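The following blocks contain the structures, represented as structure tokens.
Across the two complexes that follow, subunit A remains constant while its partner is subunit B and subsequently subunit C.
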Partner chain A sequence: MADCAVSPKVKAALLRLSRDPGGTASPYTGRKITMHKIYSNKLHILIFLLPALILFCGVLIAPIGASLYYSFFDWKGIGAKTFIGLANYKELFTSNSIGFMKALRNSLLLALLSVFLQLPLALGLALTLGKNIKGERMFLSVYFMPVLISTVVIGQLWLKIYNPDYGILNVFLRKIGLESWTRIWLGDKNTALGAVFVPTLWQYVGYHMLLLYAGVKSVPMELREAAMLDGATDAQVNRYIVLPYIKPILRISVIFAVTGSLKSFDLIYVLTNGGPRHATEVPSTLMINMLFLRNRYGMGSTIAVMLIILCFGFALLISAMFREEE
Partner chain B sequence: MNNMSKGARIAIYIGLIFWMLVNLFPVYWMFTFSLKDNAEIFGENVVGLPRHWLWSNYTSALKTGHIGVYFLNSTIVAVTTILITLAVALMATFALTRLIWKRRKTLNKFFMLGLTIPIHASIVPVYVTLSRLHLLNTYWALIIPYSAFSLSMAILVCTGFMNEIPRELDESACIDGCSIWGIFFRIIVPLMKPAVATVGIYTFLQCWNELMFANIFISKSSLKTLPVGIQALSGQYTTEWGPIGAALCLATFPTLILYIFLSRKIQESFIAGAVKG
Partner chain C sequence: MKKVLAIALALCMVFTLVPAAFAADLPTDEDITLTMWCIATESDANRPAYEKAVAEFEAAHPNIKIEWEAFENQSYKTKIKAAMSDPNTLPDIFFTWSGAFLGDFAEAGTAYCVDEAYKPFAAELPEVMLQNSTYNGHHYAIPLTYNIVALFANMDKLAEVGWDHVPETFEDLTACCDALKAKGIIPFGCAGKETWCVTEYLEPIIEKTIGYEELGKIFAGEATWNNPAIATAVDTFQDMINKEYFDPAGIALGNDEVKANFLAGKTAFYQNGSWNCGEVNDAGFNAAVALFPVMDPAKATYGQVIGGPADSLAVSAYCKNPELAAAAAFELGKDICHYGYLAGSGLPAWTPDYDTSAVKPIVAAVADIVAASDGMVLFGDTAMSADPANTYLDYVSQVYGCDIDGAGFVEGLTADLG
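And now, the complex of A and B:
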């Protein structure tokens, strides 16, 4: 194989690169002419880029424009579209029967819980595991496992956990004599939202923990040791050395927690599909219902556009807040 | 860790072990009830190991629940998506890191936009287009969008790895008379194995677990992927939990087995997918 034959060469070249990291600025020194000719051939560039451009623009970029366009129409998916300007947006924000504001409130509540409950837990685990604790790898691998399991599987599993008659939660409550605490967890509009949030928050603790752990591990040992020599306690090292160091990752985690909550769909779809009586509705479930139950493609697109705006808006806002602090 | 009191250390371990049980218990419970009958699940033996290991739950999930078909569909979709994503991303990365032209940095940033675009953004237009092209209810209805949404992360990872391949290799290959295809296929691609593994694993997990597109673009039972198939199955077996548990296990075990052998690589691929997010 080619890579076996060149392996010593690669090492030598890497060594040279490490001495001259700026070497990328003037890449093709030496036999510039031939290389340059092949590598700047316009046809070659086009051939290599074309598949990616078609796929990316066709499925990601163009549809954003198309969604925006559809959102100005009243359209059933087939037949004629009627241009209605901003009427969809107006209806979305004012109509009680659609309940978009309520769906938005639910997903923002999830975002809040995610940032102030899920992230601190993940951070605590990451800081603890980052201290070369015994069994570190095992704990890390187990905590990350729920992220890999399909949300449908997790949803089905929690449906069974919450089952009013035979579910493990109610069975447990009855066993310890708290019969009066048992509920139809997902069917009662007072408990449904909480019951849906628990697995959602639980599943992704491991994801945030992994990102933060990678950050904690990248803190240079000398920094830690220097602080320890100065007599800093564990808590002080975390507060003044580790946290400032992993701030970029914290920012990413917060952005993911918030945009992930705004977009959340799978678990809620499996557990309640927005019910009972819209108690657990979030923008995504609302959008799917608009599209495929009520055939309101214009309104569905309007919700999609709002989701894009909200996700980008919050991502920018959070980034700005993190910059402000510096 | 060493400068801590014994009490504090014990408290930390109790906390860590408790959280480990919280993560393991649902999976343990799923596995045990996949091997029980209703009498055991509903009262006699709720959390213990099954008294009679009822493998027939698995046969009924496979036979009457068609889990085998869904499993095959998920595999076909995931593998094809991985192949397309890798081919397209490697080519694009080659143009973005090696070839010489203006604005390649701008185009790279353009591709990175894909990391933040939610799949909701495209659902209506993609649905409409697929339906016009008569591609709904084919594997392509999933493979094309999945590949497109995996592309940004794939380019991100490949760029990192490709920048580390020294340019001297291209030069010597060029002197030996390699064409651009020779350089790409014989020098660059073989050296990209670690990137290929990272992208492959990440893309596989995304495809294997995706629900929203799979639910909407496929309605034909024989083409459903596992997440949608399991939803259908649970509607079919509302009173019998054993076969559902078996189906859940069958859908989960490939991922978990992969994870046992490749835990480090899988974790790395998730970190790589987030770093620039």
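And now, the complex of A and C:
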């Protein structure tokens, strides 16, 4: 019965195998040769890559190209376009009424605060949680929770916290007798940017913590134990074993923090929309203002191009700095 | 002869019915869906008017379905402009503000000319109501309501400091504000987070200082901002801010929060659009409505107002059946106006052909103010096109934050806008 179930093709293959037990002429070898032929043919490679290439070009390259194209025009978004060359770029860097330099300064300040406040905090949490402390998973979830909440919800939450009348911050300050410290946090030019930064830090510290925590957890236990046996303290283990080990992840975190600050938009849009009087304006809010409020699609596209250049530039710079250190 | 006369009369009757037949020329033999975007969100005062108008339209035309979506005011401005860059994504009918906002769409050919569709409705909709949506002699939108900037007052609060009427001169207004302050009542609330709310205070002050004709010319770009009287008006406004007539928290608040403060009795006055009439009327306190007092009687009168027909429906030139959509938009517009007027969310752009005895007292008071008005200037940010309007709003916001004074305001706007 079993013999009857075997097809003639299989029988022939078994016969070939019995004559050539080394398998040099096996069908698998033939397939290897065929695959090698396919891989060495550039046209075949192109065909295999085409779906991903189309997706990549359509989603990433084409919009960048379109933004670059529109940045050379004076265009309302509808109707005729007028080619003006680099005039938008010149105006962007020289016009006080647009205020791009101020928006850029605000973004860079956010980037600095992210790198020197948010990341150390995230690293501290990651190192602490990476030591198998009690309730590690619960703490991980708690710190990561703000990342999962919608930014609009977080914005509304912090709007309530900062409300000058009933906001918990001012109420608390009044309760403890610090009435003079109360402020119109989001309405005062001097406090608005700081007030916007706090929820940003709160929201993304968990994200960086999780990245770094994964790195801390990947440090081989034997390295730690060897250092401990040699009498190293916790701080020394972190300084000389863990930090060098997770440097690639630190680099990624720094890149994410800096580029994230440069393109920050949603939370600022909800909290202040760039106000009061442009005190919290960042390039992204300025871009939306130009595109949809002022109908200046050419200028909006110019800001988009500058954002892309800045993000790529900073990513390369940070990578180079880390490489140099290595 | 009698026969000829009878035939002539019959023909006349037939011809007079033609426009009405045209107005109702909406096909009923095939299922049609028209899409519409508007800003009548759940919390919008106009929401019930839209709901009733759409329901009534669908009942009258069972084969036509209106699929409509409402978006929050500020995000709608972004959405509609984004849709304009790819007109195929536009709905058949869309809400728009007239003036320069719609002007860009008309100029680009994305808004459909409604001249033909208007003819059957001309008797019910005075042509003057279409003046803000008319470009190069052609009409591009159907006005719904018209609104003015009104000074709403909580008379219960004013009574606490001995006032039984809204002050009609600036001296009286300042005296009233001082008395309110002394009593611990904040006179005004103004939303600094939404700069258009600041213009609701600043524009009437400028208008009552330089006169509506001059202000209208400035908004239209026919006169210069370089006018010392404007600087004086701005300084007057800032003087009111410095005297703490305004709730200091207002600078960080949006309009909804500031309005809620007024409706809850935190502030005594609230100067904003007459679309708030319904809510003020139903607030539960004794409310009154008036205009901002005259600052310079040589140039302005009490009856000069800021406002006009701005809220409108337009039709996409790219929709499948623009004639049908335009006819539908006129029918919808008429009903939205009707129910909106009765609910107190604006004054009627259309001549009422229904019982208006149920109109709320505050709405009726605003209607009386408009009937007695001496002149009207459209809201500045609606009258100006997008880029200069936002430059203007930038300077207004700096004035409210006291970053610049009247001279700085005039100097900056003269340099940027002429």
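Rule of thumb we're sticking to: the second predicted complex is superposed on the first by the 270 of 326 C-alpha atoms of A that agree within 3 Å, B and C clash if a C-alpha of one lies under 4 Å from a C-alpha of the other, contacts with A are read in each partner's own complex, and residues count from 1 in each chain.
Note that contacts are C-beta pairs under 8 Å (C-beta built on N, C-alpha and C of every residue); 3 or more make two chains touch, one makes a residue touch a chain.
The shown structure was predicted, so the numbers you read here are calculated from the model rather than taken from an experiment.
Contacts of A:Tyr297 after superposition on the shared chain: both subunit B and subunit C are touched. In the superposition on chain A, contact of A:Leu109 is made with neither subunit B nor subunit C.
After overlaying the two complexes on the shared chain, residue contacts for A:Pro276 are found with subunit C alone; subunit B is out of touch. When the two complexes are superposed, the chain touching more residues of subunit A, out of subunit B and subunit C, is B. Shared-chain residue A:Gly77: touches subunit B and subunit C both. Using the contact criterion defined above for the overlaid structures, shared-chain residue A:Leu117 touches neither subunit B nor subunit C, since it reaches no partner.
By the touch criterion stated above, A:Ala227 is placed in contact with neither subunit B nor subunit C. In the superposition on chain A, contact is made by A:Ile288 with both subunit B and subunit C.
Once chain A of one complex is fitted onto chain A of the other, the partner contacts of A:Val171 are limited to subunit B, with no touch recorded for subunit C.
Note: residues 77, 165, 288, 291-292, 297 of subunit A belong to the subunit B contact set and to the subunit C contact set alike, using the contact criterion stated above. Listed in rising order, the residues of subunit C touching subunit A in the complex are 77-78, 81-82, 84-85, 87, 104-105, 107-110, 192-193, 248-249, 251-253, 385-387, 390-391, 394, 397-398, 401, 403, 416. Residues 76-79, 97, 162-165, 184-189, 272-273, 275-278, 288-289, 291-297 of subunit A touch subunit C in their complex. Of all the residues in subunit A, the ones that touch subunit B in their complex are 1-3, 6, 9-10, 13-14, 16-17, 24, 27-28, 30-31, 34-36, 38-42, 44-45, 47-49, 51-53, 55-56, 58-64, 66-67, 70, 77, 125, 128-129, 131-133, 135, 137, 139-154, 156-161, 165-166, 168, 171, 202, 206-207, 210-211, 214, 228, 234, 252, 255-256, 259, 263, 265-266, 269-270, 284, 287-288, 291-292, 297, 300-301, 303-304, 307-308, 311-312, 315. The part of subunit B that touches subunit A in the complex is made up of residues 1, 3-4, 12, 15-16, 19-20, 22-24, 26-27, 29-30, 33, 41-43, 46-47, 87-89, 91-92, 94-96, 98-101, 107, 111, 113-114, 116-118, 120-128, 144-145, 147-149, 151-152, 155, 163-172, 174-175, 179-180, 183-184, 186-187, 190-191, 193, 205, 208-209, 211-212, 215-216, 226-228, 230-231, 234, 241, 244, 248, 251-252, 255-256, 259, 263, 266-267, 270-271, 274-275, 277.
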